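Naming follows writing order (A, B and C), and every chain is counted from residue 1.
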Amino acid sequence: MTFMAWNRPHLLDIESLTPEEILTVLDTALAFKAVGARAIKKVPALRGKTVVNLFVEPSTRTRISFELAEQRLSADIINFTTEASSLKKGETLKDTARNLEALNADFIVIRHSASGAPHFLARSIGAHVINAGDGAHEHPTKALLDLFTIRERKGRIAGLNVTILGDILYSRVARSDIWALTKLGAKVTLCGPSTLVPRVFEEMGCRVTHNVEEAIRDADIINLLRIQHERQRKTMFPGINEYTQLYGLNQDRLARTKPDALIMHPGPVNRGVEIDSRIADCDRSLILEQVTNGLAVRMAVLFLVNGGKGPQEITVG
Amino acid sequence: MTFMAWNRPHLLDIESLTPEEILTVLDTALAFKAVGARAIKKVPALRGKTVVNLFVEPSTRTRISFELAEQRLSADIINFTTEASSLKKGETLKDTARNLEALNADFIVIRHSASGAPHFLARSIGAHVINAGDGAHEHPTKALLDLFTIRERKGRIAGLNVTILGDILYSRVARSDIWALTKLGAKVTLCGPSTLVPRVFEEMGCRVTHNVEEAIRDADIINLLRIQHERQRKTMFPGINEYTQLYGLNQDRLARTKPDALIMHPGPVNRGVEIDSRIADCDRSLILEQVTNGLAVRMAVLFLVNGGKGPQEITVG
Amino acid sequence: MTFMAWNRPHLLDIESLTPEEILTVLDTALAFKAVGARAIKKVPALRGKTVVNLFVEPSTRTRISFELAEQRLSADIINFTTEASSLKKGETLKDTARNLEALNADFIVIRHSASGAPHFLARSIGAHVINAGDGAHEHPTKALLDLFTIRERKGRIAGLNVTILGDILYSRVARSDIWALTKLGAKVTLCGPSTLVPRVFEEMGCRVTHNVEEAIRDADIINLLRIQHERQRKTMFPGINEYTQLYGLNQDRLARTKPDALIMHPGPVNRGVEIDSRIADCDRSLILEQVTNGLAVRMAVLFLVNGGKGPQEITVG
């Protein structure tokens, strides 16, 4: 258990966190994970506080994970799902935010298609802001749950070889993962089509390769990104079948990894595209553990930005 | 009050229930109905438990009835409404279910267009599963609320003549009702156009007739099914006007029923189609009582699958 | 603090309220406003009561404000958003209402495109009904929050000059404001294009003018209505640019108002259309205070229709 260090009112990105702050989230999440296994899965930490889930870009999974975390902390919850287009027509994001502030919202969990929207919100209003994914920028709670899962299974992060495979350029998950992993001393390899994994990522301290065999050979963790049909730029992306052939994790490729290499994926999985269906379900897959840990990590983040000083403060509801 | 008999972790259908299990639900619902009439309509039975309402087919009424039941049991509730088409694209039902399990959902209330979806879910995951309607297969809580309502008004079920009128072939309500009524000793008559009420239902122990006068003449209960314009197969179904003329319950037909015959309908009512508007509102209509009782029955089901042993355990919230 | 006078089970409109009743809402809201500033923003006044937000016409803002008010009163909440078209197809408003009554709903907060829908509901069922906006008829909680805001900032209502500017004819906010302001002794001026501000409003005790300079010259309060592009009848409404030029509140016009004149707007603001963006954000703008006060007013209304006798009864949750 590390020294508790958290004084931030928001969680906007991983880039600005110190390694100690990241470890504080992980340790706090560990205490909250135990809450999830109890018969009564609630603590009163946010009783009488209002959390607004402001999802300007749709996301059922992330919204449900946050909503469950908020319920388990006994918060009052408002779901506000809208589209950027309708916000633009009548009202700016700033107007929406100031209205929520005028309603005494204590927390705003924001998902937005525009990079930087959570930072803008945090500068504009007094509520605690948590980034639930902004454009192609960051998705910090995803990275934190990835770190939590890796540490839980491998016992450490420093010195591990972590390979991220897929559309790195447009992935906020990849970007947050890279920041988090490198801050804690992992060696990160990025792999995918050259149009989607440009050399510029070497400046973030990563190894870049377009050869999948080389990328996975000595990996302790292989983190696959979801191929998102609807978002990939046509000119940059090969066909789905071609991607599967060149970069998909299949049985042949898995056989050439280290025997204790573990497989991660942010979900939802495109079975048969970026990952063979049996691999998704095998005992080296951490996909469902990531989901479970996501809930604990989001409880920890809400607890810490609210001024919670660490797991020793967590009491039963 | 019967002997309490319930050891099932799920409610998937009526077909597999024993008469004693059905009566246990009805007796438990009776205790919960009293809760609904109190100023504070809550008991703490599911405090700290998470219920996911997974509606893969839309249904405002059934969803609201379940949600109210869950609130009154003090559960935490996640509403997850989606469409089978969008689930198919990215993710199988099994993946969705395993994700909800990874989030430590305690209960999944599922409505799905595919028959057998709740059974599949119950085999796949550890959460309690409650069938809120699957394809043309079953809708068990509807049948239980029908039984509850009949027993409350008639004092018994055994020996009653119950006529179900409408599109039996494609109705999950009819199918669950038939199982429930015959298990408890009622004599069930099915009536409607021959394409929608085939003779094969005689194997379930029902009388089948296509003559509405014969069907309603000695009925103690006349249970009308909703004519669902959007679902009826064109080739099997006469026009709406023709249906109303041939099978609709109008004043003339009502005059030829037993004076104490009672009218039921699962709602929402198509006034002037399967039922005359004044009959829907008359004092022989149980339609609104069915709605009230549905809430108590759903509370009872949630309570029992959670391990509750009967009404004596129900405490005030 | 005035004498507490409230015995109504519903809030349907402002027209039928007495000045004493209006003041009772304002005084009760004052006590609830203090609750919103506490760390734990809840009172147990509606614990175990069910509130249905029946929004037959979409409105994110008003729905969120009511939902927050209900949460802070510890109510159980059902959100039922639908469209008049789908209600019409299968089911009348009366059927919907009687179903909600059969589910023992204690409160129905209704927004509906048809004038009089809340009154119809209140005659049909036993639940408390609160009008959250009906057609072009009334929006009583908006008027009450406007009065609350004016009284808080000006110390009184009687004798103030209040100008309402915009599409008066089709505005339920304007209609409720006119009733509320005139009942409490304010002098109301209406201004806008002649097609939208007919002389008939003089019968409600207002001054009507189509000259904006005259309307705002001696105003203590300038209440701007939102220009709703989608609703304005083409034949009655000038172009947006022309409206802005003729009636928009810009810096030039503001300079010719009394120095302590305050600006109100029901939101969401069309910046640059009915109001200059800087004016919306200046310290004479009460727009965000209106939002904050709306929450307190809605808590007060729910509390009073439930039989609460006044602020002295408000206890901490």
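Please note the rule applied: a residue touches a chain if its C-beta (ideal position, glycine included) is under 8 Å from a C-beta of that chain, and two chains touch if they have at least 3 such contacts.
Only a predicted model underlies this, so the values are computations on that prediction, with no experimental measurement involved.
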item	value
Category of the chain touch graph - line, ring, star, complete, other	complete
For chain A placed onto chain C, the superposition rotation in degrees, Cα atoms, nearest 5	120
Centre-of-Cα separation between chain C and chain B, whole angstrom	41
Junction residues of chain C, two or more chains touched	none
Parts of chain B lying in touch with chain A, wherever the complex brings them together	47-50, 76, 78, 80, 82, 90-92, 95, 98-99, 101-104
Residues on chain B engaged by chain C in the complex (per definition of touch)	36-42, 60-61, 64-65, 67-68, 71-72, 267-271, 288-289, 291-292, 295, 317
